[in-house]
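Going by the order they are written in, the chains are A, B, C and D; count residues from 1 in each one.
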Amino acid sequence: MSDDARDKAPRALNLFIQGLILYSIVTVALETMPTLSSYGLFFRISEVVVVVIFTVEYLAFWALSKDRLRYPFRFMAIVDLLAILPFYLQLGIDLRSLRALRLLRIFRVLKMGRYSKALQTLGEAFQRAAPELAVVGYTVALIILISAMGLYYAEHDAQPEVYTSVPAWSWWAIVTLTTVGYSDVYPVTPVGKIIASAIMLTGIGFIAVPTGLLSSTMTDILRERREKGQGAQNAP
Amino acid sequence: MSDDARDKAPRALNLFIQGLILYSIVTVALETMPTLSSYGLFFRISEVVVVVIFTVEYLAFWALSKDRLRYPFRFMAIVDLLAILPFYLQLGIDLRSLRALRLLRIFRVLKMGRYSKALQTLGEAFQRAAPELAVVGYTVALIILISAMGLYYAEHDAQPEVYTSVPAWSWWAIVTLTTVGYSDVYPVTPVGKIIASAIMLTGIGFIAVPTGLLSSTMTDILRERREKGQGAQNAP
Amino acid sequence: MSDDARDKAPRALNLFIQGLILYSIVTVALETMPTLSSYGLFFRISEVVVVVIFTVEYLAFWALSKDRLRYPFRFMAIVDLLAILPFYLQLGIDLRSLRALRLLRIFRVLKMGRYSKALQTLGEAFQRAAPELAVVGYTVALIILISAMGLYYAEHDAQPEVYTSVPAWSWWAIVTLTTVGYSDVYPVTPVGKIIASAIMLTGIGFIAVPTGLLSSTMTDILRERREKGQGAQNAP
Amino acid sequence: MSDDARDKAPRALNLFIQGLILYSIVTVALETMPTLSSYGLFFRISEVVVVVIFTVEYLAFWALSKDRLRYPFRFMAIVDLLAILPFYLQLGIDLRSLRALRLLRIFRVLKMGRYSKALQTLGEAFQRAAPELAVVGYTVALIILISAMGLYYAEHDAQPEVYTSVPAWSWWAIVTLTTVGYSDVYPVTPVGKIIASAIMLTGIGFIAVPTGLLSSTMTDILRERREKGQGAQNAP
């Protein structure tokens, strides 16, 4: 699990690489803005410099690793490779969109220092609530499908040109159940509105259950830690 | 409560039936897409095959059940029947929309294995919070009606052509209270906006109370289980 | 606090009055539908019958009360009066909208039977969380005002005809913070969008804090009850 | 931390200043309404009067403070100065928008009386949940960026004139993840809708985790207080 060489790398180097990842992501985002299209040359040079540094970093940590055979198959090493590979492959086809994979490198920062315990707490809370969350997810998938079918048959004649199939109404069901509520489609018939009302009032439960689950498992984890701590204190 | 014969059925058969249910639902959904209308014959044949298998399965488990007189009146057996009945009845009228009932069969999967305990926990949490949830539901129904009446009288003159009755504004109230917020209708007068603001800020409480209720009852259930577990350990 | 005569009234009478209240509210709502305007005479007769029964009920319980001087000033008696008064006063001006006050009568049902304990639990949870909820409400009011001012100055030049004042942008701030999100107004300038993004991400906290508060106070109430119960069991 | 002279000021003066702050904010908001533009002279006189009183108050409390050298550098004194400074500086340029800083003065009220303990509880809950909230915030930032990139490449060809860059789609991602859901932009392609569906269903988790965190840390704080209280009672 450990990155060996990287763990011993000076803090300044880690911060520099983190900064470079952030810089790289921001330029990838800004490059798409039409108002900045005149800076095209700057973005291309910037990209080359970033990829060269990332490549040197990747090769250096590979060379410094204890187990050079397994290193390239580690999860974080694969992420590092995915961050630079699209650049080398795009000679033929346009793989620029894959540069978004570079974002995955940011997760490395979460493995550092004081966040690792927080990550562990969150992970444990999700793991304990997993079976209940699975049941909730399953029920939600059912509600989405039933809603989509119900509204398709209710609205089919009233809005024939707008939404014409069950998969299309599934999009509506997801937009509604998550309470996002775009206005690209909504029921207009009385029957459709009654079905939709029932779905929306259910949507509240959809939010309530996962929140309640995480809250109670996290409360449980905090109590266990406290009791373990007290037990240790009471021991002579 | 037990399905007898079905409980002893080989795991492979259960998985096959589950897969067939999923396949059946997906084809029912895809059949409605206009871009796939040329595959009409395939969908019709597919439907016949699925219903035949479901019918054979239904009759086989009936034949294998210990109590053949009561079997058809069991909840899961009725669900199984509802999944195939619309096909046989649709000679006269179009009952295709009832095929959505097939979705209910999916609930069978939740009765299996490791999810049953999670279902039980969720059910117990809802049951304990039931009286409080009923009071919340009652209050929400009141808020919806009062909002609808208030906005009908406030917006009646400003938007006469859009929303013209209290039931129509009830739709608005539900869309708003659940924070979905389509833009098919919204208040335009200052009085209407002030009433709507009060309703929306209440909407937050609408989400907060059920979530808090479920969270606290679930915390309570987890503590009870822990204490019971400790009690069992302490016992000699 | 007690309604004396009403408490001793037969259950059938209470149910009949409750049903009549519900019927009255539904007809008041339906009467506003243009498609039902031809049933105007029915609605008018229905209204007269309802008000006559409510009046007889009001006078009867007054006559049966032990303290006839104070009875008309009780909260529930005032609500009962408000439910019928608009009918008698509307000879001169149109007070039909005040018939919505009849909804208040529904609260009487919550005082009955098994819901009273749930109401008490909810009330206690809100009461304990009151100071924290007040601080949250205060902060929310501040965020709404600051957002409205910020967006007014950011969007003033870009959308001069749409939203032209700080109170108008306050409506936007409330619609956004509660995550309802109509599309009647939204920022279009980069500065406006950045400010709005900050407000929306804060909006999540707006939902999180009251929910967390209610959840923790309700958990606390449930623990207290359990400990009191255990104490009573342990006592000889 | 203490305001010395202000702490000993009579309650009536504090209430008067609070009322004046509220009045000042309301007039700043109303002044922007086009329908009230004819009252321009009133608003200007009102502003002068308010600023003169605020200036006298500022100078008086400075004069009465024990440590006159450090007083102007205190946080609340800087806030007080920011509330009046824009008025004196706006001779040259228009700094009216900075008058919104006056809102910060309202925070003073939260330092008073019975709210200080509630503020402390909320502050402690946020502080304890800080590392977990930071991890959540980090993950959310990642989800926003990945979503924006994904939808930019998915929708680029279908809606070239609407949304044309990754930063523009970031706005969409924030509007959607917070479940606000304006309808100024939404995916129209099947791929875009599938990505968006995944993001929306994640958005629920986005709300669930901070709520659960605050709920469990607040439950923890309440338990600690209770145990401390019981310990004190048990002590002789």
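Definition applied: a residue touches a chain if its C-beta (ideal position, glycine included) is under 8 Å from a C-beta of that chain, and two chains touch if they have at least 3 such contacts.
Predicted, not measured: the structure shown is a model, and the values here were computed from it.
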Query = By the touch rule set out at the top, what is the minimum number of steps from chain A to chain C?
reply = 1
Key: Minimum number of chain-to-chain contact steps, chain A to chain D   = 1
Key: Copy pair chain B, chain D: interface residue numbering same or different (half cut)   = same
Separation of mean Cα positions, chain D and chain C [Å, integer] = 27
Message = I'd like to verify one number: the distance from the centre of chain B to the centre of chain D, where each centre is the average of its C-alpha atoms, in whole angstrom.
response = 39
Request  = Enumerate the residues of chain D that touch no fewer than two other chains.
outcome  = 179-183, 207, 211-213, 215-216, 219, 223
Request  = Name, in rising order, each residue of chain A that touches chain C in their complex.
outcome  = 179-181, 183, 211-212, 215, 219
Request  = Would you pull the chain B residues touching chain A in the complex into a rising list?
outcome  = 25, 28-30, 32-34, 97, 100, 103, 106-107, 109-110, 114-115, 117-119, 121-122, 125, 140, 171, 174-175, 178-184, 206-207, 210-216, 218-219, 221-223, 226
Ask   = What residues on chain A touch chain B, complex-wise?
value = 131-132, 134-136, 138, 142, 145-146, 148-150, 152-153, 164-168, 170, 176, 179-183, 186, 193, 197, 200-201, 203-205, 207-209, 211-213, 215-217, 219-220, 223
